[in-house]
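Both of the next two complexes hold subunit A, though its partner changes from subunit B to subunit C.
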Partner chain A sequence: MARVWYRLGPILTVVIAIFVLWYAGTVALNAPWAHDKAKRAGVELSFSELVSDTMSQQKPKLPAPHQVGQEIWKTTGAMVAKGRAFSKRSLLYHSMVTLSSTLLGFALGTALGIALAVGIVYNRTMDMSVMPWVIASQTIPILAIAPMIIVVLNAIGISGLLPKAVISMYLSFFPVVVGMVKGLRSPDHMQLDQMKTWFATRGQEFWKLRLPSSMPYLFTSLKIAMAASLVGAIVGELPTGAVAGLGARLLAGSYYGQTIQIWSALITAAALAAALVGLIGLIQTMVLKRMGMVR
Partner chain B sequence: MIWIVAGFAAWAIGWWVNVQLSKRPKTRATGLAVPAIFGITIIVIWECMVHGLEISPVLLPPPSMIAARFAGSTGILWQDFVQTVIKGALSGYILGCGAAFLIAVLIDRFPFLQRGLLPVGNFVAALPIIGMAPILVMWFGFDWQSKAAVVVVMVFFPMLVNTVQGLQATDHMQRDLMRTYAANYMQTLLKLRLPAAMPFIFNGLKIATTLALIGAIVAEFFGSPIKGMGFRISTSVGQLALDLVWAEIVVAAVVGSAFYGGVALLEKAVTFWHPSQRG
Partner chain C sequence: MTSEPVISAKNLSLTFQTNDGPVHALKDVTLDIEKGDFVSFIGPSGCGKTTLLRVMADLEKPTAGEITVNGVSPEEARKARAYGYVFQHAGLYPWRTIGGNIRLPLEIMGISKADQDAAVQEVLELVHLDGFERKFPWQLSGGMQQRASIARALAFHADILLMDEPFGALDEIVRDHLNEQVLELWARTNKTIGFVTHSIPEAVYLSTKIVVMSPRPGRITDVIESPLPKERPLDIRDSPEFIEIAHRVRDGLRAGHEDDA
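Then we have the complex of A and B:
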């Protein structure tokens, strides 16, 4: 019990502190508008009236956590209860749109990243010529050219999922390349020599030594790649003109000043990111345990 | 047709030269030449393919056209650079990294806060923070202040997590030695723990350079005055002026690489003692 408290206590404290600050911020940021309204109505606000008003505005500067929670429930759980889980007003629908392009981009990026890493490890020319560009490619703010990728791919007739997935792919291949190169090179000389004394072919060396020993590195990179891929999918949805997806919800919310909608999309995106990264973490523990690599 | 042949020839020559170069022992010159040749080959192939396959410049302008546009609109590019990079990204970068550094030093004194903030910070660093952009644009207005705010939020957590980890990088032996010297908290901090934390701090600073540029540019998609790189990119895409978009991308790439390179150079100067820098 004491150990659980030692680990969870501080985290709980910080989380509670965040909520307290959030509520305080709600009151502070929304107070001017509440005062404004009261002045026009010609009434004095008592403190408790002020607080309750700041918590229940239609378009607050900062919505209170419970308002966001209600909005999320209204657009997910309540929609499911009404049997309209995937109507266009449902956050589930938008999450699915974002999720599908995130996963496609993540799969493409991981495949590209692993392929590049294998090439880099086994081919000296590729190592010397491609690796610096892989690193340089990430100093380019790729998200900035997201609109162009979308428009250009649309113009040649590719629309829908793939353009967004391309952006996710671009963001997610980098951590995989770097991690896998490190991982595939992690067996030391002793182990490589041992493979040589066993007369192992290059293929055997790859499948039986290099690939297994790169697994811990792979999973660490996959977590980063997944988070990056989600960001790519959300930004990729912005220039399509707010059709569908969490990014589109963000943009639509910012056009119409629907702060509660923005926040609920944001929280949903955060939950999605946490779930995806957590899922990879789970697979990681399972795989590494079976491989006998968990300490 | 001749363009396509030229493209393949360029590819073959570039590849052959690189194979020859990489067979030699690795020196500084080949280390720079090989990637340079690779880059030039790609640009030549791009130019040849655009002409050879008659790709419309509306879809993919050839590099020569981009270069011409770049030279022709330096005024606009400079104006956008000042608005987005200097005012938005740089001020946000300094504020965000500075604040994260100070707070990291503060929470380092309280192990309770440390154990609470590190997992939360790690969690937040994995979230799609860029989504905060529309909210911050709403709060701080359309001008550069809101872009700086987005950058602050984006760089804060990676920097915080790295600094806190760095401050824990000293081992017991070293701290005990400082105690036998009767060093007080400030002396231990300044003479042992901050220098030892520098590799971690610079890691955070390097990650933050890319995030800062991304934040400043993407925040402009949600509303901006009529200048700035993000504004120019989104409006030029709408007008199908893709050569101008590519010119902006060239600026962004050069700025991003220079920013990163600058921090890396600074790191080399500050952490010259670290094994990764001596190699």
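Then we have the complex of A and C:
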């Protein structure tokens, strides 16, 4: 029990601190509007009236945590209870839309990243020519290039899931390239010399030494890539006209000033990212333990 | 034991081009190693002893002179898998078991599964690690890991075993023990062994031939044929012959250093 507290204690402390700050912020940021209303109605607000008003506004500057919680429940659990888990008003439906392009983009980005890394490690020309472009690609703001990708792909008849996945890929391949180049180069001189004494082919050197050696680097990259993929998927949903997905919820929320809806979509996206990254972390621990790379 | 030498170097030189100008790692090295010899290379760091071993293994190319291994160039010998090479660090793959690590070169060489199994059993027994096939490297001590790496170098039955300070990172007690085992292994397999060390007792205890080297430029200052018998208990190190050879090695090392002073 003491050990559980030892691990949970710091996390809980931070969570509590966030809630305290959040509630304080709610009162502070929503108070002007509450005063405004009271002034027009010609009443004087007591402190407790002020506090309760700041936490129950329809379109608050900053919704209170429990308002966001209620909204999330209304659009997830409550809808499941009504048997309409995947109706268009359900956050589960929107999460699934975003999740599918996140995962597809993540898979594409990982594949592209590994392929580029192999090329960079094994081909001197690629090493000299590709890496600067890979880095340059990430200096372009994704918000600027996302609509272009959608428009260009649309022009050649590709729409729907793939354009969003391509934007995810654009963000997620980068950490994989960087991590895998480092990982594939992680075997030291001695290990490479050893392969040479056995007259190993480059393929054998890759499959038996370089690839297994790169696993710790790969998993670290995958965690970053997964989070980047989710961001990419959400950004990709913005210029598509906000039909479906967490990005669409964010956009619709901002059109109509539905701050509670925006925050509930944000929290859902964060929870989704945490779950996905946590899942990779779990697989990482299992794989590396089996490979004897962590003890 | 009348045939050609297994390794023959003639006027071998190797110069590295560095930013600080050329470094003469080896200069005019001439040496023959006969079949079944146990040759130690000893000298201070920078004397080229490791470089010489690496040239034999085709891990470095000489810039002048000639060298043959099994009568052919080091490169051809390497491609014919003529030697096993043991590095200073065991370098076992953590994701492979001990058996899997020993199997690694055999897999690379395309040896059949049945032959792999037989070879693994044979070499594990040679280094006294029978029963450890399924253990992972981290479950073994440093000395045991180095024995496993020697087993791996022996697994494909090369006639030459090249060892680059294999016990340099181990403590003295483990080292004594492994030295005995290497001698036993050498007696049983009749391999030709090249052994780099910076320990005088280790060189004298193990070798039939001690090559004393000195730095700047890396060259051979003395070659001592050991009169010690093939059978060597550890306490042979207290015998007058042993001490005499050790003296001669020390003198050779000192002579190499006088040029610097």
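What we mean here is this: the second predicted complex is superposed on the first by the 281 of 295 C-alpha atoms of A that agree within 3 Å, B and C clash if a C-alpha of one lies under 4 Å from a C-alpha of the other, contacts with A are read in each partner's own complex, and residues count from 1 in each chain.
One rule holds for everything that comes next: a contact is a pair of C-beta atoms (placed from the backbone, for glycine too) under 8 Å apart; a residue touches a chain by one contact, two chains touch by 3 or more.
What you see is a predicted model; the values in this text were computed from it and never measured.
Novice: On the A-aligned overlay, A:164 touches which partner chain: subunit B = first, subunit C = second, or both, or neither?
Specialist: neither
Novice: Once the two complexes are aligned on chain A, which partner has more residues of subunit A within touching range, subunit B or subunit C?
Specialist: B
Novice: Is A:125 touching the first partner subunit B, the second partner subunit C, both, or neither of them?
Specialist: In the superposition, A:125 contacts subunit B only.
Novice: Is A:254 in contact with subunit B, with subunit C, with both, or with neither (first, second, both, neither)?
Specialist: So A:254 only meets subunit B here.
Novice: I'd like to know which partner A:210 touches here: subunit B for first, subunit C for second, both or neither.
Specialist: Neither partner.
Novice: Of the two partner chains, subunit B (first) and subunit C (second), which one does A:292 touch, if any: first, second, both, or neither?
Specialist: After superposing on A, A:292 lies in contact with subunit C but is clear of subunit B.
Novice: Looking at the overlay, does A:234 come into contact with subunit B only (first), subunit C only (second), both, or neither?
Specialist: Touch status of A:234: first partner only.
Novice: In the complex formed with subunit B, which residues of subunit A make contact?
Specialist: 6-7, 9-15, 18, 29, 61, 124-125, 127-133, 136, 138-145, 147-148, 151-152, 155-156, 223-224, 227, 230-231, 234-235, 238-239, 246-247, 250-251, 253-254, 257, 259, 262-263, 265-266, 269-270, 273-274, 277
Novice: Going by the contact rule set out above, which residues of subunit C touch subunit A in the complex?
Specialist: The contact residues of subunit C facing subunit A are 57-59, 78-79, 81, 83-85, 87-89, 91, 93-95, 104-105, 107-109, 136-138, 156.
Novice: Considering only the defined contacts, which subunit B positions touch subunit A in the complex?
Specialist: Per the stated touch rule, the residues are 15, 18-19, 21-23, 26, 30-31, 34-35, 37-39, 58-60, 112-117, 119-120, 123, 126-128, 130-135, 137-139, 209-210, 213-214, 217-218, 221-223, 229-230, 233-234, 237, 240, 242, 245, 248-249, 252-253, 256-257, 259-260.
Novice: Using the touch definition from the top, list the residues of subunit A that touch subunit C in their complex.
Specialist: Against subunit C, subunit A makes touches at 190-191, 193-201, 204, 208-209, 212, 290-293, 295.
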